[in-house]
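Per-chain residue numbering starts at 1, and chain names A, B, C, D, E and F are given in the order in which the chains are listed.
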Amino acid sequence: MGKLINDFNDYRQRMNEKILAADNKVMKRIYSVDTLAYQDGALPAKVKEMLGLATSMVLRCDDCIRYHLGKCYELGVNTEEVFEIFSIANLVGGTIVIPHTRRAVEYWEELTEK
Amino acid sequence: MGKLINDFNDYRQRMNEKILAADNKVMKRIYSVDTLAYQDGALPAKVKEMLGLATSMVLRCDDCIRYHLGKCYELGVNTEEVFEIFSIANLVGGTIVIPHTRRAVEYWEELTEK
Amino acid sequence: MGKLINDFNDYRQRMNEKILAADNKVMKRIYSVDTLAYQDGALPAKVKEMLGLATSMVLRCDDCIRYHLGKCYELGVNTEEVFEIFSIANLVGGTIVIPHTRRAVEYWEELTEK
Amino acid sequence: MGKLINDFNDYRQRMNEKILAADNKVMKRIYSVDTLAYQDGALPAKVKEMLGLATSMVLRCDDCIRYHLGKCYELGVNTEEVFEIFSIANLVGGTIVIPHTRRAVEYWEELTEK
Amino acid sequence: MGKLINDFNDYRQRMNEKILAADNKVMKRIYSVDTLAYQDGALPAKVKEMLGLATSMVLRCDDCIRYHLGKCYELGVNTEEVFEIFSIANLVGGTIVIPHTRRAVEYWEELTEK
Amino acid sequence: MGKLINDFNDYRQRMNEKILAADNKVMKRIYSVDTLAYQDGALPAKVKEMLGLATSMVLRCDDCIRYHLGKCYELGVNTEEVFEIFSIANLVGGTIVIPHTRRAVEYWEELTEK
């Protein structure tokens, strides 16, 4: 795995552990609903991760984008599909999404390079 | 068709015509890219409309939500799937999405009632 | 109770029932976490409702503002305090919060008039 | 003047008076800075109102849009210029700005009809 | 003091001085209203800083979060209370607030470690 | 040119090339409309870049701010005018725009230093 991915995963895991260790009930339930929401249901997990990616892009949350890019990659979304998600997000959310798309492309490259 | 749907479609169409009649090149191209973006491609139109719906919800645009609900309905998205889209949007975008979900449910009822 | 309050409460309750009746697990858990979050804890419910009001204002969600104004009123927040919450929200969120403040003041008047 | 304009101005003035009457120092200063900011300076008031309009559009505040459309009209901005402002706002802010543009066009028509 | 805190404070102070030195009246007044808004009034400064923190979180401004965390710490807000503010912000603003919460927890650790 | 400017331009150009190379029609058209929108028209390019800057500030997109600062500088916007744009953006968008203004001032200094 590349450096962007490792750094992101390490920091994310380390800080999530601290958040859960604080033992705030509401935060813990938000984390557990978050896990539940992306599981296979009427819609397959793959589509749900696409929804997670697109919503993260229009809300312009780089870390959320990285997380869902990773999940999309694991679930078999390909590069052409990812760019169609990017295109909907840039259209709906406007050109302010472009800088986040640049960083998303860089991260996606790391995910897909062998 | 119900009143909510008719009122929305009438106003939308009437004002879109005025916007296009103003003959601003940038606005016209934005409209034409908008049409292009939701067509079948690597991802089917149905998934793209789901992305359009979810992004509209987290950005809390009631008219955009109505438009994409209409398209999702036409393309065969069912009620259980729509609620899974709502759930991702409410999770990612927070409880401020709830009031928009209430209005979305009301519109969806009109779309699906026979 | 005044008309604004009644209309808001009626629509809110009616649509919330429909949302919960759809039996989407994620939506139901979001609703239950929402109830949990505003209960007395390390911070009293009154302060939490103030936080709910201020965050709703900067995110410019009129229905959320109405809901938290109602809760603030029930928990004894007075008019001078409410205006201090408004002032923080308008400062942090900018003058785009002003139109929401106008509607908030109208709703607060209905809550406080006898 | 048309109905949209009258209703907007009446409600705005009536509620602004209530806000100022509450005598919250921070709110009053925000209102006075607001007046100061749009006066002729290094940039003419006309350009500043255009900035006010464009920022209100991307932040999707209908009442703010109406206010700045009124000011732009008073200061001699013409229809072709207004549509160029709309086009920048729709490009930067994305297609979620379109519904606000529809309502802006309706209001601008009322302002410019004789 | 830790490195995160020092770097934040240094850059913030240095650039604030440049902004004020530019002698733009509107910017200077915004800074002075900002100071005024968080002083003891009908609500104590401590509650106002909590409102500043919560609104900064839902608007996802890391520097604003850091600033208000610092102020909350100075005014005696404890870790359990801070996590209740985090929980309201994550609930109202959604899971896109989580990455900002991670960074907030890291900063809070630096503030509270002895 | 200074380091901030070089780093920004290099990364921007490199990633834009990758985005365009992916050959997604919607993304390519968004890029071409983006070029079209800021050309001289009823409004001069200079005013349009000011609109681009102000909207980028209220939407709090640091990279977009940098891009439009660069364009404003090329088109002869001076420091006093830039600060008036900053002041409108901070007023409309609130104090959450301040951290972005700090970074904008640092970038503007690099653009204007000889």
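Everything that follows uses one rule, which is that a contact is a pair of C-beta atoms (placed from the backbone, for glycine too) under 8 Å apart; a residue touches a chain by one contact, two chains touch by 3 or more.
Predicted model only: the values in this text are computed from it and were never measured.
Chemist: If I average the CA coordinates per chain, which chain comes out farthest from chain D?
Modeler: Taking each chain's C-alpha mean as its centre, the farthest from chain D is A.
Chemist: How would you label the chain A and chain F contact, same or different, if same means the shared numbers make up over half of all numbers there?
Modeler: different
Chemist: Among the chains, which is located farthest from chain B on the basis of C-alpha centroids?
Modeler: E
Chemist: Across the interfaces C-E and A-C, which one involves more C-beta pairs in contact?
Modeler: More contacting C-beta pairs are found at C-E.
Chemist: Any idea how many Å lie between the Cα centroids of chain C and chain D?
Modeler: Computed value for the inter-centroid distance: 26 Å.
Chemist: So, what's the distance in Å between the C-alpha centres of chain B and chain A?
Modeler: Using C-alpha averages as centres, the distance is 23 Å.
Chemist: Please output the residue numbers of chain B that touch at least 2 other chains, ranges allowed.
Modeler: Residues 26, 30, 33-34, 37, 56, 58-59, 64, 80, 83-84, 87-88, 90-96 of chain B touch two or more partner chains.
Chemist: For this assembly, give the contact graph shape among line, ring, star, complete and other.
Modeler: Complete.
Chemist: Give the list of chain F residues in touch with chain C in this complex.
Modeler: Within the complex, chain F contacts chain C at residues 58, 90-97.
Chemist: In the complex formed with chain A, which residues of chain B make contact?
Modeler: 33-34, 37-38, 41-43, 47-48, 50-52, 54-59, 64, 78, 80-81, 83-85, 87-89, 91-93
Chemist: List the residues on chain D that touch chain B in their complex, please.
Modeler: Touch residues, chain D against chain B: 60, 79-80, 83-84, 86-88, 90-91, 95-96, 98-99, 101-103, 105-106, 109.
Chemist: Going by the contact rule set out above, which residues of chain B touch chain F in the complex?
Modeler: 25-26, 29-30, 32-33, 36-37
Chemist: Which of the residues in chain F end up touching chain A in this complex?
Modeler: 11-12, 15-16, 18-19, 22, 24, 26-27, 30, 34, 56, 59, 61-64
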